[in-house]
């Protein structure tokens, strides 16, 4: 056991893991996090707390993760490379571990020009692969980067993101291999809409045996409307939404129901793909729908870790 | 080369407030190539300022000059007679040139006429793109001749992030993804193996982050004795 | 009041059109100073600014029709420089409409007086040069 987190235990046992997501509020009041945690408890094995997503200032992932712990819900803390240098990253990991946070997702982070602090200076002292190297070394060797010993090593299960839908496609599996080599224990992919492309990616992943060295979780975002589908298709870099899906949403009498139905179908299909060890469900602006999705997909009750 | 762009005319005029005899000083080097501060641009700037002075009855006296390179004292010192006649110098050189003039003529205020931007090259006439990150530890041999520090918006070193789509960067549909370019270049060179290596955390000490840099080439530095001899000959 | 107008005309078209107008007996304001250029592309932002400094109320540049420049791209260059000069005029608080670029053909004698009229009407609207008596 590297960290003893719930999802680590479940992965080790060969269970299909489910994670959800909670977006921290633009507020110094943590009640929204508490409310979501209480409402969603038991419907997933752990919940990601995003880190100033799209470079918009929100309550920190670390603080939000601790609030989740207080509610008896397991958090997956996120840490971008955009806002912190290696000193802050290592320091925050020590703090997070001290407070009981056991999962950390390492990501590059959306460029600051996306958000509400466009004029800020970004950091990018490390990229996400170097971040994995540094933090896994802290855990495995009990040292900070540069060799000084820590009195106590952090306990953390490390994750990273993968995007089978970004370009160049030929490089995407190599990039995954680098993340695994650098220390990624689990992977959460970008939201899947183009199942064909995902399956091609997974085929290459399994042929390289990467699914045996890391646990891949398929990312999903339930569509709320045809507008949401179009937005993600046209306005988000690194996302592919096939026309058939847009048309299906457009033709639907009840788009919200259709969106949930699509998501459930996707989960049922993903359960059959070799190498997929879980799903990461991100109901953007729709957190309350997670229980229904998980139930309809037959993923309840969640196993006890 | 260093790439800069003229400050807006209104801003320059505003910054010249309080001055009446102005020496507009350009440079024939980088800023002439990026059409910001060469002899031609100095001429147009001087004429614009004279027109401004005439319209508003300011009685400004504007002189113009352009030196070979405004960052080297040998050339800048030759401006002494012109600087003496002026109460300020509007430097149309890059920030380096402007600082050199100020350092050599500490009693005459220097106003920058340019916003100096980056180290880059002309793409086509009228367009100049950033190329070099000045990180002090060049890895171009590992990246197919494309600088990931300057040309990747996140200065990543291990491949493109998840926002790379159709060869473009997530920040702007017109900005090429440097890592896509690196991939294509290494593919063409038959060296995709270089993209499989994990590049460890970078030392930023040789970059601007380590503090203002000074490079010394020992074999060129003059000893005190050599300096005296040189002065004697001058 | 007709205003002091400076017209930079390329010899192939701009000037030829003015010349033809003269031979056809067409009338236009006498207060136009025509400066003959080998090509409109010879115009420099400096010339335009100097014309205003010397008291011009309005300035125009007349080159060949686009695609017909005797030196291929000269009239495109001229237009770009006229636009650059307009930007400078605007920054200095001078109405950029005092400056204009026109494309004419050498056999369009009738156009030259129209161009002059256009600039005269702009001067009437905008008033004399901001230099006032100083030019």
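By letter and in written order, the chains are A, B and C; residue numbering begins at 1 in each of them.
Convention: a contact is a pair of C-beta atoms (placed from the backbone, for glycine too) under 8 Å apart; a residue touches a chain by one contact, two chains touch by 3 or more.
Note that the structure is a prediction, hence the values are computed from the model and not measured.
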Think of each chain as a node with edges to the chains it touches; is that a line, ring, star, complete or other?
line
Chain centroid nearest the full-protein CA centroid
B
If you tally the C-beta contacts for B-C and for A-B, which one comes out higher?
A-B
Whole-Å gap separating subunit A and subunit C, where each centre is the average of the chain's CA atoms:
64
Chain centres from averaged Cα atoms put subunit B and subunit C apart, in whole Å, by 37
When the centre of a chain is set as the mean of its C-alpha atoms, what distance in Å lies between subunit A and subunit B?
42
Could you say which residues in subunit B touch two or more other chains, in rising order?
none
Subunit B residues touching subunit C in their complex are 8-10, 13, 43-44, 47-48, 50-52, 54-55, 57
Using the touch rule from the top, collect the residues of subunit C that touch subunit B in their complex.
45-46, 49-50, 52-53, 88, 91-94, 130-131, 134-135
In their complex, what parts of subunit B are in touch with subunit A?
153-171, 177, 180, 183-184, 195-196, 198-202, 204
Of subunit A, residues touching subunit B in the complex:
81-82, 86, 108-111, 113-114, 122, 124-130, 133-134, 145, 161-163, 166-168, 170-171, 174-175, 177-178, 181-182, 190, 237-238
